[in-house]
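Following are the structures in question.
Two complexes follow with chain A in common, the first pairing it with chain B and the second with chain C.
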Partner chain A sequence: MDNTEKLREVFAEALQIDQGKVVDSLEYNSIPEWDSVAHMALVAAIDDAFDIMLDTDDVIDMSSFGEAKKILTRYDVEF
Partner chain B sequence: MTLDELFGIGPYSLPHDEKQALLVEHLNRLTAHHADRCAPYGRILDAYGYRGRSWSAIEDIPYLPISLFKEFALKSIPDNAVIKTLTSSGTTGQKVSRIFLDKETSRRQTKALAAIMQDFIGGKRLPMLILDTRNVIKDRTLFSARGAGILGLSNFGRDHLYVLDEEMRLRTEALKQFLVDHPDEPILMFGFTFMVWKHVYQELRAQDIDVDLSRGILIHSGGWKKLTDEAVDNARFKKALRDTCGIQRVHNFYGMVEQIGSIYMESDSGCFQTPVFSDVIIRDPLDWSVLPIGREGVIELVSILPHSYPGHALLTEDLGRVVGEDDSPDGRKGKYFEVLGRIPKAEIRGCSDTYAEEAVSSAV
Partner chain C sequence: MSNSKMLTGKVALVTGANRGIGRAIVETFAANGANVIANARTEGSLDDLCGALAREHGVQAEPLYFDVSDPAQVKGGFQRLLKITKQLDVAVNNAGVLDNSLLGMLSAKSAQDIFATNALGTIYVMQYAARLMMKHKQGSIINLSSIVGVFGNEGQVAYSGSKAAVMGITRSAAKELAASNIRVNAIAPGFIDTDMVRTLSEEKFKERMDSIKMGRIGTPQDIADCALFLASDLSKYITGQIIGVDGGMLI
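So, the complex of A and B:
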C-alpha cells in the first residue's frame, strides 16, 4: 500500500467517512465530519500511522487532504 | 501589513506607534466592511453619521457594548457561510451572546491564538492535560465558551487526557499513568481557573494525592469571581499549585468569546499582555473618555480578527486599568493591563462561574 492510500485510510477512519470522499480537495470545516474535534483525532491518527510528531503550525495548516500530503513530505513521508 | 503577514512577525514585536498605525488601518477597513454587510450595524453607524468615515486613532473607532450580541444576531455573512456558532456562558435564565463564525474568521482566530501560544510554549506540541471533563465538547456544532477554549488550546497538545470524569471527579490513576508515559517532556495543562482550583487543586489536597507536575505549564482562564469570594488571588493561586504539585509556570489569560483568538496572556509583567492583533482602551464610565495609564475604568477591546460579525471594537462589562506599555520585563511589546472585576450591575458571567451556579441551582 502506498502512502497516499495509507493516508486516505487514516482520514476515512479518523473522520468516519467513506474513503471515496477523501480526495485532495476535501477541506477542513467543509463537511460536518471534519470539524475541530475530529481534527484532533485525525492529527493523532496521522502521528501514529506515520510515526511522526506534527508541529503545531502543521496541525493548524492542515486544511485539506492535499495539504496534508504536502505537509507530510516535510516529515520524509513520500507520495 | 496584511493580517497573514502579521501572523508571521511575532505577536509582541510592534512598539506603540507602529502598532497603532497598523490597527487603525485594519479597524477602519473592518468598520466599513461590517457597515456594508451587517444591516443593523450599518444603521447604528448611520444614526451617528459615521458611515463612510474613517478615523485616525483606535480610540475613535465606533465601539459596541458587548451586550448587543445577546440581544441581536449580528453577523456580516450569509446564513450558509456560518460554520460555527459560539455562545458565551450565560447562567440559566440569562441571555447569552451568539457569535457567528465563517471559515475565514475561524482561520484567523486559530492563527492568532497559535502565534500567541507559540510565543510562550514553542512550536512543538506537548503532552497535554485538560483539566476538565470531555462532556464540554459533546455538542459539536454549538460550543460553549468552555468547549471552544478547550478545543482551541488542544491544537498545542498531543496525547490529550481529560483529567475529570463525567461527574467531575479527578481521574487520579489515569493522571498518574499519563505522567509515567511522559516522563521527560514539559506538559501543557489547560483549564478554567475555578475548575482548576475546585476540582483539581482542592481534590489533590483533600485526597492527599501526591503527583509531581513540576514539568507542567499551566494555562488557565475564566474569571476570578468565585475565587475572590474565597480570598484567592493570582499570587495565592500560583503558590498553592506550586506547593501542592510543583507547578512552576502558570499563565492566566483574559479573553472573551466575542473576540476569541486574540487572547491576553499573562506575561512577566504579571499583567495581561496585548498582542499585535488587538488592543485595550480604558474608558471613564461617566463620560466614556479615554483614561491614561494607571487609571481604572471600563475595558474596551479592539481586535482586527472579526470578519464575520461586527465585533472588532467592543465595550466590555469589565473594569480594569492599563499598567504599562512596551516595557514588560520579558521584552514583549504592547500594552499590559489588569482586570479588576465586573462593572456593578453587569450580569454575572464568567466561563467557569457558570458551572458552579448551575451546580448550586441543581443542588437546591
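So, the complex of A and C:
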C-alpha cells in the first residue's frame, strides 16, 4: 500500500466516511463528518499511522486531503 | 484497594520535575509503578534522578529537557518523547515560575515570562499530550494552579493571574476532551514548603502559617498524593475540577 492509500484509509476511518469520498479536493468543514472535533481525532490518527508528531501550525493548516499530503512530505512521508 | 502501585502500566510526563512539587510527583508516580518522563529546562539536571528512580523502582525513567514556555521546544520535546514511548497516560503541568512584585514594580518582561511558563506552557504541553492520549481514548491531565489563583495575593498580580488562567484552561480543556475520555483537573496548592516560599520574609511566613487551619505548612508530598489520585483510575469519573490542597488555608 502506498502512502496515498494509507492516508486515505486513515481519513476514511477517522472521519467515518467512504474511501471514495477522500479525494485531494476534500476540504475541512465541507462535509459534516469533518468538523473541528473530528479534525482532532484525524490528526491523532495521522500521528499514529505515520509515527510522527504534527506541529500545531500544520494541524491548523491541514485544510484538505491534498494539503495533508503536502504537509506530510515535510515529515519525510513520500507520495 | 491497596495504596501501592496504583499506576502500574501507565506512562506519565511531569514538567518541572527537578525540584519541589514536581520532583515529589515524579518520585511518587515511579514508586507507584508508572514509567515516568521527567522534564526540566536545564540539560542534564534530571539524569541522576531518573537513574535512581529506574534502579529503585524498576520502572523506565527518562529525562526530557525542554522549556514549556517555548512552543518550538515543546514540539521538539514531544518529537523526542515519541522516540521513548508511543503511550502517554498522564501529563502533569507543574513547571512554573514565580516573581513577587507589586503591581507598580512588575516589569512587562516578568509578567510575560510568568504567563508564558505558567499559563501558555500548560496549553502547549496539553496540545501535544492530548493528541497522544487520544490514540488510546484515555488519559489524565493534571495542571498545577494555586490558592492565590482563587483569592489573589499582594505582590502576585502576574503569578496569581497566571494561576487563575490555569483554572480556566483546565475547565475548558476538560469540556473539549471529555468525549475522548481524557480527564483534565487542576490542583490548587496552598502554602507548600518549597524553594518558592523560602523567598518570603519571616513576618510574611508567620502570617501565612497563621492562616492555615490545620496548623502546618504543606509538603510537596501532600500535593503528590493528590496528583497520584488524579493520575490513577480511582478518579476515573472526575474531570474539570480544581482541587484545593491547602490544609484549610484562608487568605
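In the analysis below, the second predicted complex is superposed on the first by the 79 of 79 C-alpha atoms of A that agree within 3 Å, B and C clash if a C-alpha of one lies under 4 Å from a C-alpha of the other, contacts with A are read in each partner's own complex, and residues count from 1 in each chain.
Everything that follows uses one rule, which is that contacts are C-beta pairs under 8 Å (C-beta built on N, C-alpha and C of every residue); 3 or more make two chains touch, one makes a residue touch a chain.
Owing to the predicted nature of the structure, the values given are computational and were not obtained by experimental measurement.
Applying the stated contact rule after C-alpha superposition, one finds that A:60 touches chain B and leaves chain C untouched. Taking chain A as the reference, the larger set of touched residues comes from B, when chain B and chain C are compared. By the document's definition of touching, of the two partners only chain C reaches A:51; chain B does not. By the touch criterion defined above, A:31 reaches neither chain B nor chain C. Contacts of A:40 after superposition on the shared chain: both chain B and chain C are touched. According to the touch criterion, the shared surface of chain A, contacted by chain B in one complex and chain C in the other, consists of residues 37, 40, 43-44, 47, 53, 55-56. Interface of chain A with chain B (complex): residues 29, 32, 35-37, 40, 43-44, 47, 53-57, 59-60, 63. Residues 37, 40-41, 43-45, 47-48, 51-53, 55-56 of chain A touch chain C in their complex.
Residues 83-84, 103, 106-107, 110-111, 114, 117-118, 123-125, 137, 140-141, 151-152, 154-156, 158-160 of chain B are the ones that touch chain A when the two sit in their complex. Taken together, the chain C residues at the contact with chain A in this complex read 71, 75, 78-79, 82, 86, 124, 127-128, 130-132, 134-135, 179-180.
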